[in-house]
Amino acid sequence: MLGDFQVRTDLALEARESFEGDDVEIRGVRIEESADEEREIYTTVVRIETENGARLMGKPVGTYITLEAPNMSSEDEDYHREISEEVAKHVRTLLGKEERTVLVVGLGNREVTPDALGPDVVNHLRITRHIVKEYGRSSLKEKASPVSAVVPGVMAQTGMETLEIIRGIVRETSPQAVIAIDALAARSTRRLNRTIQITDTGINPGSGVGNHRDGINEETLGVPVIAIGVPTVVDAATIVSDTLEQLVDEKEDRQFFREKISPQLNTMFVTPKDIDETLKRVSYTISEGLNMALS
Amino acid sequence: MLGDFQVRTDLALEARESFEGDDVEIRGVRIEESADEEREIYTTVVRIETENGARLMGKPVGTYITLEAPNMSSEDEDYHREISEEVAKHVRTLLGKEERTVLVVGLGNREVTPDALGPDVVNHLRITRHIVKEYGRSSLKEKASPVSAVVPGVMAQTGMETLEIIRGIVRETSPQAVIAIDALAARSTRRLNRTIQITDTGINPGSGVGNHRDGINEETLGVPVIAIGVPTVVDAATIVSDTLEQLVDEKEDRQFFREKISPQLNTMFVTPKDIDETLKRVSYTISEGLNMALS
Amino acid sequence: MLGDFQVRTDLALEARESFEGDDVEIRGVRIEESADEEREIYTTVVRIETENGARLMGKPVGTYITLEAPNMSSEDEDYHREISEEVAKHVRTLLGKEERTVLVVGLGNREVTPDALGPDVVNHLRITRHIVKEYGRSSLKEKASPVSAVVPGVMAQTGMETLEIIRGIVRETSPQAVIAIDALAARSTRRLNRTIQITDTGINPGSGVGNHRDGINEETLGVPVIAIGVPTVVDAATIVSDTLEQLVDEKEDRQFFREKISPQLNTMFVTPKDIDETLKRVSYTISEGLNMALS
Amino acid sequence: MLGDFQVRTDLALEARESFEGDDVEIRGVRIEESADEEREIYTTVVRIETENGARLMGKPVGTYITLEAPNMSSEDEDYHREISEEVAKHVRTLLGKEERTVLVVGLGNREVTPDALGPDVVNHLRITRHIVKEYGRSSLKEKASPVSAVVPGVMAQTGMETLEIIRGIVRETSPQAVIAIDALAARSTRRLNRTIQITDTGINPGSGVGNHRDGINEETLGVPVIAIGVPTVVDAATIVSDTLEQLVDEKEDRQFFREKISPQLNTMFVTPKDIDETLKRVSYTISEGLNMALS
């Protein structure tokens, strides 16, 4: 979309915003916004409905729910509970009515702080599949879903595509749905650690901090895949490019500058200095949301 | 073997010793011992050759190599290199001549220190399968094996049997052999952290600190499974029972005492207070042995 | 007290119980028990009031509050909140009325799961001293205490006595009270991870899993020291000795057996296999209690 | 130096380079360069000799040794040993001839990957002070230094200035020298994880990823302080500013752009995506260097 230089965002919301003019209508894409001013939670639902919309947005057809919660990295526990409830509500909607067995996958690298969202979320999850297997369905509350979970690691640690690992486990254990948690890259630092994207399209190439090369989605796994992501980094090249963009008026000048950006920046990311504390709260909020939705 | 009360050991060496009289010959079981006095490494090979031997020993038919290295938990780096070389030698022998793709599995719970051997070993391993996939076979040394690895977690964390996870991954990625690393339970505290068992029988029910319920072996995975284990704990019930045994002469008295041992002790283990430092060295020694054998 | 062989307990409650006959009155020691049957929290206050009492009990003069909460390792969040409130109440009482600056010390070894209680508690604490220093006292709620915290590590990691580290920091930063958190050794496995001891006597020689050789108390630090401990281990020698004791009637037989117990067991401890999950909940419960008491 | 906007570097080498023209002579600053082409280790010694030089360079008077080792993040073990030897040599020179007791301080935040250098280095260090205290000086090799170590944590975790903690411990335990290890901020991404700076000036305000506000140096601690640092991050604002600088010719234009850079970028850093693997190797290399120098 931007020629040689790829401005990366994993947020459908930001892909939408990259079109000049906020009110441009994109065919095949529907947007609904709602604000809960009192609780300071802002929800945007982007529905990509056609292949044309998908092509324009650079994201697959599907529903992308974005919660923006400006205080998400603050310490207020009640506020976090409210966000957890929102997450639970949307997960339940996307999962559909009937109870299902669910495999939660914590993507990313637990050794790199901003990429540890997935492993951290799994760490606080209530795991119940083995209990149901041993004591029967009645050991859970009515409507609760038997939950299993795995932290597959990243390719440098495993030598395997994440998709290979997940697909092997799905085929062997037959969950009825997969929920994949991953750290995302945003375009704007303003969104880091205060935005949650929930989508029914799974995880698709180029997403996240690490390398999750192939899509983890209904097509590759054979069961519905809900993905929950939080942007924790901005690509270093993107941040330089975007700052330039704001400073330079002429289109050809921008192109000129972009070409000069060091390719080394593509192997780097930008993240806040207090990412450890922030991530602890955000991952706990998502775990709680999943625990509410599933048990 | 011991009636209601099960004295647990994962070491074939100790299973052998439990027969009264060191020189009792057990039909179907062959023992070879060798000592490298200079390097202070003692090797015992137990070969269980018949089903009768397997029944008597409580272990499957196969080869069990035990290295005893009294100073294994010391700081001497050269000594550790010598043990790594021994490990490498035996792994190469059990793997057989041709080069093979290998999946290393780090069993156990990384959150419980004496059960973290498997995850720690994987952490220091040279992972190469993805490099070979991208740059071709020639990116490795001649005879090196493309290596992948996974740390599946324990059932309380995943809700799945470890076997389900491994089997799924094996079916999807088709390694030609599996090497499973696991913390073991010994009968004698004297053996903790100074003994390495290498076997071609895989991991079998009841092994290790955690619950790895079903066998991880050639029968369940369809490819040869080498298991490497180090005893890091003794079952609490075993330690009480064995102390009693030493103190009481009459057989009926022993039986009487054993029945009185609190069943709660079966959920507990005994481990040395300095397990953190010791395990760091032992797991590094095994990683290096695998790196020598495979790359 | 037991001749050559030392049966170790860090719980005043258990020191009391070691006297034969539950209702023996020990001069200089007062006991109050209360039960909250509904919430299933049982409280015992042991007051050692004289040096004679201290000598008999093997613990310094002071107040020892023990909360027993049989379900403390269960998952029920509301139950944990109730225990946190009990902890907060007792900490507030022992700290006294006026607001104070408090240094919380997380003792123990974060690399050994059952010894990581102190570091884990500090990890979830609300730290405020630096905020008060920068934005003034009014940045906290009225009556809240500015809180600092440190995880000093154990001697094998630092080469220093824990007391040296703490005393240096206390002299430099002048807190008005110290709260030390530590994993304890109990005598009975039944008490592990379901008992919290809160005392105004600090930590004294021989306490805890690791080696905290010198007392961390008002005498050595110059400010009041509250210690909060949870038994997470039983000494291996203690467990063997106690089992024997139950089985053998005659006093001289007991003495005979005790002498035979392997001295190696003194370097080992016994802990439950699910210590990771249990500890996560218990340390969170204590952190919350401290956050309630101090902020 | 750059007006409102502060381009940050902790490397004396880069401070030197920021003067236009490589061969500008700065009064009070001496530079020596040497290259070991065969081993690919390049050494620059910057000596700031006068207060004038210090003012111009923005660094205190003292010696700054920089090792550049382009392959430092590669896997080659022999290469790492050579770098460790270089580190050991320089540390020995700066420590001076006589044997000394040394306190090693691992600065930074162990929860944030690129800031965990200090804690990681301490983790692999041979700690001996307590052994000497117990078994006497003869338990170490001749000329070895009794070593103690501490990981103080960062202010958000402790509520205390790092200096307060270190000074308290130094006063209590009286080491004859302090060696402080810290992650640094470089100006150029090209230097990340391949450069080691060793200086006798300690750590000074603004250094490192976290906030180590006051100097940790001979003046504040009363004993010589050697600092060893590796740049693991670039400040996000610096990277944007430097890219602009390369693109814009006119001085006033640069000033104009710099003023537009989002202040939010000052709370962010840039780091490579594979920082976990790289840091593991680099911190091990430095630990080994210290172990060689001190034991």
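We call the chains A, B, C and D, going by the order they appear; numbering starts again at 1 in every chain.
Definition applied: a residue touches a chain if its C-beta (ideal position, glycine included) is under 8 Å from a C-beta of that chain, and two chains touch if they have at least 3 such contacts.
Since we're looking at a predicted model, the values are computed, not measured.
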(request) Spell out the chains that contact chain A while also contacting chain B. (result) none
(request) Measure off the straight-line distance from the CA centroid of chain A to the CA centroid of chain D, and report it in whole Å. (result) 36
(request) Averaged over CA atoms, how far is the centre of chain A from the centre of chain C? Could you give it in whole Å? (result) 42
(request) Could you give the separation in Å between the centres of chain B and chain D, each centre being the mean of its C-alpha atoms? (result) 42
(message) Quick check on chain D: which residues sit in contact with 2+ other chains?
(response) 156
(request) So, with touch as defined above, which chain pairs make the list? (result) A-B, A-D, B-C, C-D
(request) Please give the residue numbers of chain B that touch chain C in the complex, ascending. (result) 109, 111-113, 156, 189-190, 209-210, 236, 239-240, 243-244, 246-247, 257, 260-262, 264-265, 267-277
(message) Applying the document's contact rule, which stretches of chain A touch chain B when the two form their complex?
(response) 122, 127-131, 146-153, 155-161, 164-165, 167-173
